[in-house]
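Two complexes follow with chain A in common, the first pairing it with chain B and the second with chain C.
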Partner chain A sequence: MMRLPPFRWHAPKDLAEVVRILAGEGPAARVVAGGTDLFPNMKRRHQKASTLVGLAGVEGFSGVTSTPEGDVVIGAGTTLRALERDAAAARLAPALVEAVATISTPVLRNMGTIGGNVCLDTRCNYYNQTWEWRRAIDFCMKCDGTTCWVAPSSPRCWAVNSSDGVPALIALGARARLVGPDDEREVPVGDLFRDDGIEYLAKRPDEVLASLIVPAQGDAVSTYRKVRRRGAFDFPVAGVAVRLRRDGDRVAEVAIVVNGVGSSPIRCTAAEELLVGEVPDADRIAAAAAAAWKPARPLDNTDHEHSWRKRMVRVETKRALEALTA
Partner chain B sequence: MSAADASKGDAPRTPEAEGLAEQLREGYRLIGRSPVKVDGPAKVTGATRFADDLSLPRMLHAKLLRSHVAHARLVRIDTSAAEALPGVVAVLTGEALPTSFGILPVSQDEHALCRDKVRFVGDPVAAVAAVDEETAFEALSHIRVEYEPLDPVFEPAEAIKNEIEPIHDYGDDGNVHKRVSMEFGNVAAALDESDLLLDHEFFYEGNTHLPMEQHATLAWQEPDGRITIWSSTQTPHYLHRATSKVLGLSPSRVRIIACPNGGGFGGKSDPFNHEIVVAELARRTNRPVKICLTREEVFYCHRGRHPVHMRATMGFRKDGRITGLHFRTLLDGGAYGSYGVASTYYTGALQTVTYEIPAYRFDGVRTFTNKPPCGPKRGHGTPQPRFALEIQMDRAAEALGIDPADLRLMQLQPAHGITANWLRIGSMGLGPCIEKVVEGSGWREKRGKLPRGRGIGLACSSYICGAGLPIYWNAMPHSGVTLKLDRGGGVAVFCGETDIGQGSDTVLATCVAEILGVDLTDIRVTAADTDLTPVDLGSYSSRVTLMVGNAAIQAAERAREIVARTAGKTLGVPGNRLRFAEGRVFDVQDPDRGITFSEAVSQAEAEHGTIATAGSYTPPPTPGRYRGAGVGPSPAYSYSAAVVEVDVDEETGVVTVDKVWIAHDIGQSINEMLVIGQVEGSVYMGLGEALMEEMTYRPNRFGVHKIPSLLDYKSPTTKEMPEVVTYLVTDPDPNGPFGAKEVGQGPLLPMMPAIANAVYDAVGVRVDMTPITPERVLKALEREDRRCAPKPLPDLRIEDTVRIKTLAEGGDGTSPRTGRPTKESTAP
Partner chain C sequence: MTVASEDGARPTADDPRRKAHVILRVNGEDHEVAFLPHKTLLEVLREDMGLTGTKHGCELGECGTCTVLVDGEPQLSCLLLGLQSVGRDIETVEGMAGADGLHPLQQAFAELGAAQCGYCTPGFLLTAEALLRNDPQPSRERIVEELSGNLCRCTGYLKIYEAVEQAAAARTAPGAGR
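The block that comes next holds the complex of A and B.
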């Protein structure tokens, strides 16, 4: 079987200690919550850490609470399963709970956490492979090599942001609370990401994602649609989260966020602009779906043909808008 | 096939045997029912010990260093740094094991570790045995291998051009491993006379077995120097031969124990390099050595479905009758021979057994490519041509205005007949199979009448119940069973068969228990141990139920006869009135007059001595005696028909199978629940082959397997599994044990074409390729010809066609000695 490489293990009880250890150890240390992403990656030797800081025992790190105003606060260590089953979250943040329910399998959702899903390593089928396999292709830019094989002339890595939770959180206007050694800050979830397959997270390495705050949605509706080969197990090869609020017949606010077709989630502002202030009829929805399709730049590094994935962004955006305006 | 192959197992019919016949006429106690599998409790409680569960004191762990280049000469291997690593006990390279091996005598082209060349990414070049797996893994990175790269070839259409250094130094020419051409009847004339001529190309993608259990092997050298190997293998007998050969040991010094397999599907039917490597490491280190392959390595072992490019030229008369068929196949064999010669023949062998085809020609070519070797996967070589043939039937039905079910029903191959290619058919239940699924699915009301986007499709198939010939030429039985009766009433059964999850231990025990009238719990099965059990050739070609079953019946009848002789005397009842049932032996006319089975055994043992019997089975001779007639003959053929209903999303191209109705001609179930389990498992596997599974490689990166993991190689999950309605057609076959035929492979075959035909019914497009992906459906929807088809088949360069007269032409099953083609036989 595939074995984990050796590492040192810390299991602190509070976040301050987590941050202290990270600051002391530097980039050789990583945090781990459910481990459903990191451990397989370490077995394949494409994520490396000499020290792991386990978050499972950190107090106050998991759990879902909601305020009387309707804000939902989700501890980063909340398991996907717990979030999926949380009645308040389902009511107040439907797109997020829909998205979470599509992540991997029930068994892995029992272990995996929402924080882990947000920080999920970008994926690429030239990268998520064993060391021996990657040696056969002479490695790649993201790990141990120099070339991005999906776009060999490109100066950057094109690994794909494959989180289902992220587009939903962005569409819902969620904020992330980051705790560092000296400070603590809240940023919009969308600001956590960079369009680069390697440096995909904009947070500092010594910062820990502590919680996510989904603001009250008022009378906005939301949904998430995921494209994948099978009804379980698979990462998205395209995903669309839409949040929409209407004022009478017209769209008052809309957020369309596409994922699985680039190194970062993509906010489809052109599509949103076509809808705001308009009656979302079939033509308008088709135009918005076409606009959402444009910024999607899938390459041949996931399951399915990339041209099909791009096409599905259009289809699923249309279907999401239809579902929310029906 | 010589007369020596004829069944030698037929015992003379004694009064006791007549009594048995009488008993059977009265109905079975176990046969056809669904008692719990004999290995069921161990499986569900986790007590079953698979190969990787075994552990011995002082055991070492082995790992293989695999080639990271596709095609290269091995210049040198430096293992010194690995040997120096603390915890490493032995390092092995190809130098140590110079003898080649392979499953077929004609393809002895593998070495336990590569010696002169590597032929695909994943080919093993060195092995390490260390105190633990981590150390062995680490040691691999200390081995330095110098390669001299050679041009690789990844596609058969390229390989057939012979523009690179051949991957092997044997075969028909260059990278053509095998070229076959034979013609039965005058196909060109038959096609000329057709009212409808269909000529289309198809591509069937390669896919792999995906057993849940990864291959594992443990080897141990006994103090006297014998080697014992426990392995997840479907063919302990062939592994026995290969290991003895490569290690240079007498077979009497090698013992193979096949552990229960966590699924096989054909993927554990070859002798494997890792099995021989750990045996050699155990010998060198004098310590037990175990290897358990990673999932990625299982993809490199492969031996799965050959990708096959096909062309089916088929003629029909206006009334729907088939006039002739010219079938061409081009197989992508991967880097080694494996079962490939047989696979090549199988892509042409069974087209004739479902519908009457009066004139038939088959041209097949297998090429070597620098990819993991292909071999036998469930249906071995026949799902690919069946896919093409059943789609052609659907096309013909539409073109001729005949219901596809009727088109098939009007020209079923007759039972007990002989096909154009000289296969002798036994019982033939395809007609009732079609009728069952047509009725159950509402076919006649639904076909062409469902709303757009919904469709229904039908397809049929047939499969062998055991290959008529063994893999290496010999005149001995294909299966043997020995029995020992215990005074306490227990029955020990010994047989070389291997349970790979299909339930063969249960089938064996059930056949014996039925005849001796005891409970399944009274039977102790000892299987798949080359020291203890008589040879059974292995769990492949759907042979086990038929061959082991017949051998078991013979052994049990012989034991029954001994016991009955004494019991008849004790009870004063003539032998033909004795009945064995419910653990008793009694007078069928006066059931109170009887004794317990254990008493009867004790009395018989007192009279005759230890009661031990043997039974064996050899398939009957085949009528075909032409070159190439060895592939296709079987003691019996099973038949299947399936109807599937699908939903096709025209915006996404996604095909969803909503429901499956499938009928299987089983002859007679031994254990009905196991039969239904095999049918449902076949449906599931067929779904994957039809819709998503692909062995794909990256030619841009040295031919690495693109997706060697359970996550990325897409196989259906429970979420994709539709409702399945199974019908069993019972029509006992004279050659089957209690009339039983196979079920392990046949029901897979109709699934893929039935889905393709249903997609056509739903949205009017032909996807003549597998898998039927959303991309391909959309492509076909957008094309003017509404079709997704492969690139044209390259010239197969057929120069010699063996022409064999059919029975209708007055042939005798032989071919002329000179296989020169006649002028008309080379067209079209």
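The block that comes next holds the complex of A and C.
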């Protein structure tokens, strides 16, 4: 049996109590919502906690609401399945719901939450292994060791941002509400991430992601495309979320966000600039897709061959743009 | 030792080395159980309650073998704590067959050879049961999607899909008991 290590367990009813426990216990305490990321990681001894704070019973932590203006507010504890089935979210934030429906499997989505998917630990073939496997290669920089085994001369960790929800949230211009012991703040979802496999979240350890706010999309359209080996279970080895608004024949606004090919989601600004103000014909789309391919820098630390993953960023960006402009 | 909260449904555990003492509702019956706070529902069912019908597979959420129903919804018992299961309605494969014999899904799996080694079968049965409660006549496409979190290394899945369809037909046939 691969058992969880022992821990103290708290299950508060309100968020103020959660942040009070986190502030009191420091980094030895962690929150857990669905448990589908943290528990496997704790079983493999990647992530450690002497105290766990269960979020499932926190009042007001889950649920999807929409305003008359078309904003969608999603409690961080909303299960992926509940979000996937929410008719208002599907209408108002299509790229997000499409992305969420591709995560792992239906039974896992019954448990995993959107907050957990946003805060998902970065992944790597040299990290997501049992303790015995990792000891056999003398551990890696991200956990218990000093060397990055995918790039041994690298001073940094290259574990991969593997969240399907994150690129969609960034493309849709979503904001994250963070609650700490003394304050709360709202930041663009893109500002939550750092380009580092270890310190990948810009959130303070005593802050809890409470909710996500997707602003009204007006007449913008959006979609998400994911590359993986199997039709279920697998994390993205490349993915792209695109939001696009047209004014007549021309592109008025566009956001292109790539994931699975770096330690953080990547906003493809060069590709976006090629489209804004232009008619999105086949040549323009091909040029934008080529520009989106450039900042993708996958290394050989996930499933599939990394040069193919990079090429697929171009292919999937083209397909997404074609689908949204057809 | 165990500390149950005032409503009894939200236990906490201040000492990781002391067993929690709680009530779990499994297959319609309340059971008094004591287990260490870090034990998963899978471990509690198998080791502390003797309910070994729920199988232990990858333990990481990557196979679906340990699926049970929690408040009617399929969940992975390897990634749910026993403490998180308090106050919820848990159903395992042991609760499927009744006094009048096998459950229609079990009958169909047996008749069509949808189980070979049988290890994944409890997870498939419960996932399929949750599907049929919500959608008594699911399309093949829906069955494939809903069962996509359960791995079977023997059957190639086709017999499993056919068994779910046969059970759905039997259940909705005139005079069907359930």
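Of note:
Rule of thumb we're sticking to: the second predicted complex is superposed on the first by the 326 of 326 C-alpha atoms of A that agree within 3 Å, B and C clash if a C-alpha of one lies under 4 Å from a C-alpha of the other, contacts with A are read in each partner's own complex, and residues count from 1 in each chain.
Just so it is clear, a residue touches a chain if its C-beta (ideal position, glycine included) is under 8 Å from a C-beta of that chain, and two chains touch if they have at least 3 such contacts.
Keep in mind that what you see is a predicted model, and the values were worked out from it rather than measured.
Contact with chain C, but none with chain B, is seen for A:R8 once the two complexes are overlaid on the shared chain. Shared-chain residue A:R229: touches chain B; no touch with chain C. After overlaying the two complexes on the shared chain, residue contacts for A:G60 are found with neither chain B nor chain C. In the superposition on chain A, A:M111 contacts chain C only, with no contact to chain B.
Once chain A of one complex is fitted onto chain A of the other, the partner contacts of A:D303 are limited to chain B, with no touch recorded for chain C. Residue contacts after overlaying the shared chain place A:P188 against neither chain B nor chain C. Of the two partner chains placed by superposition, only chain B is touched by A:M312; chain C is not.
Once both structures are placed on chain A, chain A residues 1-3, 6, 231-233 are touched by chain B and, in the other complex, by chain C. Chain C makes touch with chain A in their complex at residues 5, 10-17, 36-40, 43, 56, 59-62, 64, 67, 73-76, 78-81, 83-84, 127, 145-146, 148-150. In the complex of the two chains, the chain B residues touching chain A come out as 66, 68-69, 121, 133-134, 137, 140, 292, 294, 296, 651-653, 692, 698, 700-702, 704-709, 711-712, 714, 716-720, 773-775, 778.
Chain contact summary for the complex, chain A toward chain B: residues 1-3, 6, 125-126, 128-130, 132-133, 135-138, 149, 229-234, 303-305, 307-308, 311-312, 315. Remark: chain A residues 1-11, 13, 34-36, 39-40, 43-44, 50, 54, 56-57, 104-108, 110-111, 231-233 touch chain C in the complex.
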